[in-house]
Amino acid sequence: MKASIATNQTILVVGGGIGGMTAALEAAECGKQVILVEKNPTLGGRTALLYRYFPKMCHPTCGLEINLRRLKGNRRLRVLTQAEVTEVSGRNGDYTVKLKLSPRYVNENCTACGECALAVSGQMPNPYDYGLSQIKLAYLPHAMAYPQRYVLDPAIIGTADAEKANSACKYGAIDLAMKEETIELKVGSVIWATGWKPYDAAKIQPYGYDRFANVITSVEFERLADPHGPTGGKLLRPSDGAPAKNIAFIQCAGSRDENHLRHCSRICCMASLKQTQYVREAYGDDCKSTIYYIDIRAIDRFEDFYRKVQQDPTVGFVKSKVARIAQNENGSLILHGVDTEGYHRYATEHDLVVLAIGMEPEANGIKLPDDIVVDSSGFIEGSKDGGQFGAGAAASPTDVNRSVQSATAAALRAIQVVHKTAAVEVA
Amino acid sequence: MAKKEYAFYPGCSSQLKASASNYLTSVNSMCKTLDVKLTEIPDWNCCGASIGYAEGGELPRIAINARNFALAETHLPGQDIVATCAACWLGARESKDRLDENSVLMKETNEALAAAGLHYKAEVKVRHMVEVLIEDFGYDELKKPVKKPLEGVKFAGYVGCQTNRPFGIAGESFENPKYLDKMVETLGGEPVESYDQKVTCCGGALAFSEPDKSQKQIRDIVESAYDHGAEMIVTPCPLCQANVEVYQSEINKKQGTKFNMPVLYYSQLMSVAYGGSMKDAGLDGQLIRATRLEEIAKK
Amino acid sequence: MSEMKTAAYICAGCGIGDKLDVAQMEKVAQKEGKMALVRRHDFLCSPEGVALIKGDIENEGVSHVVIAACSRRAKTEAFDFPTVAMSRANLREGVIWIVAEGAEHDEVRQEMAEDYLRMGCAELKKMKLPAGNPNKADNKTILVVGGGMAGMTAALEAAETGYQVVLVEKTGELGGWAAKLWKRVPFRQPYREAQETGVAELAARVGAHPNIKIHLNSVIASTSGAPGRFNVELAQESGATTTLTAGAIIQATGASNYDIARLPELGGGLANVVDQAGLEALAKAANGQPIKRADGREVKSVVFVQCAGQRDEGGAHLSYCSGHCCATSIKQAMYFKDANPAVDTVVMYTDLRVPGMGEDFYRSAQEKGVIFTKGRASGVTAAGDVCKVNFRDLILDEEVSLDADLVVLATGQVPNSGVNIDLADDDPAKAQQVSILNLNYRQGKDLPQLTHGLTDSHFICFPYETRRTGIYAAGPVRRPMDLLQATEDATGAALKAIQAVENANIGRAAHPRVGDLSYPMVRLEGCTQCKRCTVECPFGAIDEDERRFPVFNESRCRRCGTCMGACPVRVISFENYSVDTVGNQIKAVDIPDEFSEKPRILLLACENDAYPALDMAGLAHHTYSAFVRAIPVRCLGSVNTIWITDALNSGYDGVMMMGCKHGENYQCHFVKGSELATYRMSKIDDTLKQLGLEVERVASYEVAITDNARVAALINDYAAKIVEIGMSPMKGFG
Amino acid sequence: MSAHNSQAVERYRNDFLREVEERVEEGQWVKMCMQCGVCAGSCPFGPHWQHSPQKLFMMIRAGKRQEVLSSDSMWMCTSCYNCVVRCPRQLPITHIMHGLASYAHRLGLAPKSQPTREFATMFWNNLAKKGRVNELKLTLALYFKDGLVSGIKTALGMQSIGLGMVKAKRLNPMEILGGHGLKDLKGFHAIIAKAREIEDKKKGLVS
């Protein structure tokens, strides 16, 4: 991609998840020049790592496929992966953006034939399985990866594996000499669709995520349920690979908690309700899911889904914030707490505990331009000069539907910015 | 001129011939080795302890703590107050925090102090001895003077409540603090890291009024130490020490258990590891003798 | 395009050359495929390979290209030749990656590859490069129906983007629900205090905007046409009518409050029991002073009953949650506390639903002393001058009763959706419904509704995909929502409306086949006026003329081909996708004789989910039967039964169809396609019996895009089944 | 009914929450509870609480004055602070419990024979007397609180421990004759007196 194609008529979208892809596509399909940058080697973001969506129980990759097709067919949209925004200067309608491009060590020649991965032996925890599996150091992130090109992890450089990968490639696609580079772009408007990250579960000490193997997060549970995931879609306990048939879902793991995240992450209740249906899907009537909650926030039509789950005999609800978790000798977990509806004390054993982990803005980890306004949790409201916008889960904790809605709206606002500049220029 | 000087707040239980006098003994020996000078806050008073709430009320409790601060500020200017007792540290630290963030309370308190011609300037810091060891020295420094590593002795690090919550030691978690384990390691002993009653409440505050309830707590604490193969329990808190040690015989009597688990202070371990005698380390003050430590001390 | 010059390019890379006899395939392309030009390349997607193809297009006048290499989903950037018709034979994901390893499989592997090449050539011959829809529609005005927060926002955003807007409001003023509010729930930092609604300012901006024309006291009497060329007739209250034209429509007709009178058990109808709208009115009247009741008495105690007539399991009231009511009650409780902290304010809830930063707003109310009680109200009655609220305190687990000067029922939102077109015409409910758009569409007057009368799009990833192209619902009419979401939603809808007019302007398809220039063409002379196409089109794109002939409105069409699949006389087709493009592929497959023990299975796979799943099966090297021949289709709805019967007649041993999930939670991108296909196939059994064939020879499956392992398994099981029931007796007759 | 109590009832009528906010240590936090129940589940003596902290908060909001103040529950607090560090709303629950107990005690509504109430009172009086705790007197006072006979019983029961402590020089029989005390006892008492006076005036607890 040549930086030169960017002008102050160009819209920059930061983040290639569902929100960013949507903002970029909608703007490009309105005839705008768009550059979409993603810091990972593939588009798709976190939704690509989900098994199903609530409330339809349909598959995220289904929408991703359509979006990728839209993207492949659109000549106005340029994608830069492994690219991070390091600086934004200038003003509304006329920004200069610095991008750091990290080396992929694989060029456009790659046909995704997979020979390099076969050749190398080095492995690393698979970030696309939240570390629940291992992946080769030469890898294709996942089956829906776009661009459909392999990646060499920096760790491989200088090792024998690097050479193995290089010689295994028949198409001159591997370029070990690739270096990090910085490029500058002129853009008229910026959409921050940097999305979210799961809150660090280890910080929620009473739940022992860092001490007990069978306490996992909701995003990890998605990987377990996914047929493309580490267990091929089987719900097995990390500690001993035994089937997890009696599962506890703990709501507000980090959310609504001034010791952690002040805000409610909105999606966790629905995510857990959805996940109880994974358990049923896997084991039929021979399973038990228990949701420990403060308030079930199944807003608007989602109430229908909540009711459906309530009617499922394998699913139970306890109105309680679990006080603490203890582990017994077989690796099972005892949840201690009190059901506040009528004050009933419990100490209940479960095979597996899934923490409905809160959404933290991914942007909390990156340096935003000074002009950007964020709320008390770090979600992006936009820039004071009105030329930059937050979209999707970067702007507030949202589900996919709202994220797409917000991204579509942000796209229009960005278009207005570049229109105004254009207008000024002709005048 | 000693390496470090502090305004010392021993607290009631650490006085001569009081329930934690052996704590005091071992702290003195430990400080000697570390070249720490502890100067008692002249005429210090009781912190009121958490149990003092019922009769004491809010302001009187804060005021008597402020009295100690004022005395320290006047007589030992520039020195941090260091408490060895968990309750004293908590009572003082809590009072100080509330005073520092509430100007009204501050005004009222000084009004009360004025009755004894005292004034609190909010300059002094209140710390626990463990904080001093970890923050002002650090594990490496603490390791240096070790003469007699506590080789082969398995310790369950029992942190309890009040040195751990709500303030705790910086960087440690409330549910799984690791500093006692690290100290034991530093001294060449074997920490029982999987010990799962680390932060269980011993019921100390209610030991007298609700003996059965608190003795159940103690039973869990000791039992789990045995289950995890510990030979001794080590703790930073005199109330924990007293309760967990003293009531074992009671529990044995009532419930037919055969508990005989020594319960020591980190300072006793340090004193021994630093080459202190059984007496220096206050081992003679144990109701349940720590035989293996005594052996090491005698070496 | 003058005359056709075909060329086939066979890639030998990615192991194709090692696993297949490429020279043999070149022969097939020449002799059987009748390709004018056949080239082989060891790395076709390389710059050199691509340059080779481009060169032929420019210098040799090649107009039709077969790429025999990887899947059509791969290497799209390289194989991007906008000026020629192109088909792709999937030799990598479709053959070498899925046929079992080993020499014993060489023969079937080669046969499979050759067939795909034959199919590619055959398809190509029937393909045309879409020239684009000649009936372009160039009206770019955006019509917004409804002048509330959502409508005004949509109008302003579109106007600010430079488009002409017509805003139609049925009442005499702009503002809608938002104008009835004293204050609004905070929508940006800090989320602690209620904020000004800003409605007046917004209305003023809308009124003053040069690009916006406003029609008050007006409703829509009729709407005809299609995106880019809507003709709309307005009826004013006065009786006067105006006609106008528009390119796209945004329906922001909002919601009404659930009728409090239907909640007598909760005191609906009592003097001192109001709904949230009623409380806003009292707050407006108080204008920041202590709030008084209708009887003028100052309110000293108030109880808010959440979920009144909502989340109702009995079916008597609304079954859903309206989302905004918890925050709204919190805001209203603050009205009281801010004017007089001594007022007792109790919010009675079962689940307090204030997501996101709403949590800060909740805290703020608690700081102000608003009391939150988890309880379920069983009844509200008048007791002298006050109301008695009987409820179960779910925390204290006891029946309690509470006296309050005023009770506020948080009733829900009822969408103003117009006529439910899915109701039977004789349904009394339908008679009472007043149409909003008065569409003269063959399939009904208003936007189709999903559940609860909401005109929501069904798609999670594509919230704006309504079933009426160029008409977008925004705000609480499509989903219960608060003001913040409504404004976001309206802004998004404005963008989609803009896209719709631009698409219509260049005769291009809308989502999900964005940019597709092909469109349905019909040979009316062959049409039997059976109306299947007009009835079955999921998007109501086809009307009927007075002679019952179908009238296609291309800019309403989404190019799924359901009409093509429906047509019994096969007079509907697309330039690059037709009964022939697929039929030819089916015929091109080489059918071994009965005794070869090499069955042939036709697999018609939806290109949206099933085909990608097959690709990913390849990527994961799941092996499946080399006897299968897969053809991607736009949607199972486009499958014409003639393909099935032709296939069976020409000796295929079985036909598999793989499409998206249908039913309540359908995942078909064209709403009804896969469902229709299943329905049509259920009728095919008779045909099979006539042919003397087992019903198992045609099977359809719902598959999801993640089913990569499963599709392989399905194919293998089906192949086994065919072996079990034996080869088709039809071979050699076709 | 104690003077303080009748006066409070008069002053606050049914508004128990306001009474708690004004008169109970950290009482202004009660309204911030969101009923998650983590406190109830975190308490080591939890099973012995008739009403968990979160439930007490709800009762206060519900105006259940008599039940709350006469409850035995808050006397079960061991001051372990588990609830405090886990509370998602960061309520100082331990102190609120102490505050409620102390307030109930002050109004004379606390259960008469509540052992912790008795011990806590003795403890304070003991330390207030000399400025430092006299462990021996405290212990004996405790043993003999129910009269000589039962006192001797308990004392004998605990004799082994007592002697053990003495042997270990961790209990000093001589303390009976005085023991540790402050030099400026007068000032110490003045401070307490003054502090109490200020607090009572502020909370309207002057009778």
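Which chain is which? They are A, B, C and D, in the order written, and residues in each are numbered from 1.
By definition in this document, contacts are C-beta pairs under 8 Å (C-beta built on N, C-alpha and C of every residue); 3 or more make two chains touch, one makes a residue touch a chain.
Fair warning: this is a prediction, and the values are worked out from it, not measured in the lab.
Novice: Taking each chain's centre as the average of its Cα atoms, which chain lies closest to the overall Cα centroid?
Specialist: Smallest offset from the overall C-alpha mean is found for A.
Novice: State the chain with the largest centre-to-centre distance from subunit A, centres being mean CA positions.
Specialist: Greatest centre separation from subunit A goes to chain D.
Novice: If you average the CA atoms of subunit A and of subunit C, how many Å lie between those two points?
Specialist: The answer is 23 Å.
Novice: Starting from the mean Cα coordinates of subunit A and subunit D, work out the distance between those two points in Å.
Specialist: Centre separation, subunit A to subunit D: 50 Å.
Novice: Distance from the CA centroid of subunit B to that of subunit C, rounded to the nearest Å?
Specialist: Centre-to-centre distance between subunit B and subunit C: 66 Å.
Novice: Would you give the residues of subunit C that are in contact with at least 2 other chains, written as numbers and ranges?
Specialist: 352, 374, 395
Novice: Which residues of subunit A are in contact with two or more other chains?
Specialist: 206, 256, 324, 340, 343
Novice: Hunt down the residues of subunit B that sit against at least two other chains at once, touch-wise.
Specialist: 174
Novice: If I apply the definition of touch given earlier, which pairs of chains qualify?
Specialist: By the stated definition, chains touch in these pairs: A-B, A-C, A-D, B-D, C-D.
Novice: Would you pull the subunit D residues touching subunit B in the complex into a rising list?
Specialist: For subunit D paired with subunit B, touching residues are 25, 44-45, 48, 76-82, 84-85, 94, 98-99, 101-102, 105-106, 115-121, 123-125, 127-128, 131-133, 135, 139, 142, 158, 160-161, 164-165, 168-172, 174-175, 180, 182-184, 186-188, 190-196, 198-199, 202.
Novice: Considering the complex alone, what residue numbers of subunit B touch subunit A?
Specialist: 173-176, 196
Novice: Across the complex, what residues on subunit A touch subunit D?
Specialist: 206, 252, 256-260, 294, 319-324, 336-340, 343, 345
Novice: Which stretch or stretches of subunit D touch subunit C in the complex?
Specialist: Counting only subunit D, the residues touching subunit C are 17, 31-32, 34-35, 54-55, 58-59, 61-62, 64, 89.
Novice: Could you pull out which subunit C residues touch subunit A in their complex?
Specialist: Those residues of subunit C that touch subunit A are 13-15, 43, 45-46, 70, 74-77, 157, 160-162, 188-191, 311, 313, 319-323, 349, 351-360, 374, 394-395, 397, 451-452, 454, 456, 458-464, 479-481, 485, 488-489, 491-492, 494-496, 498-499, 502, 511-512, 514-515, 608-609, 612, 616, 619-620, 660-661, 665, 667, 669, 704-710.
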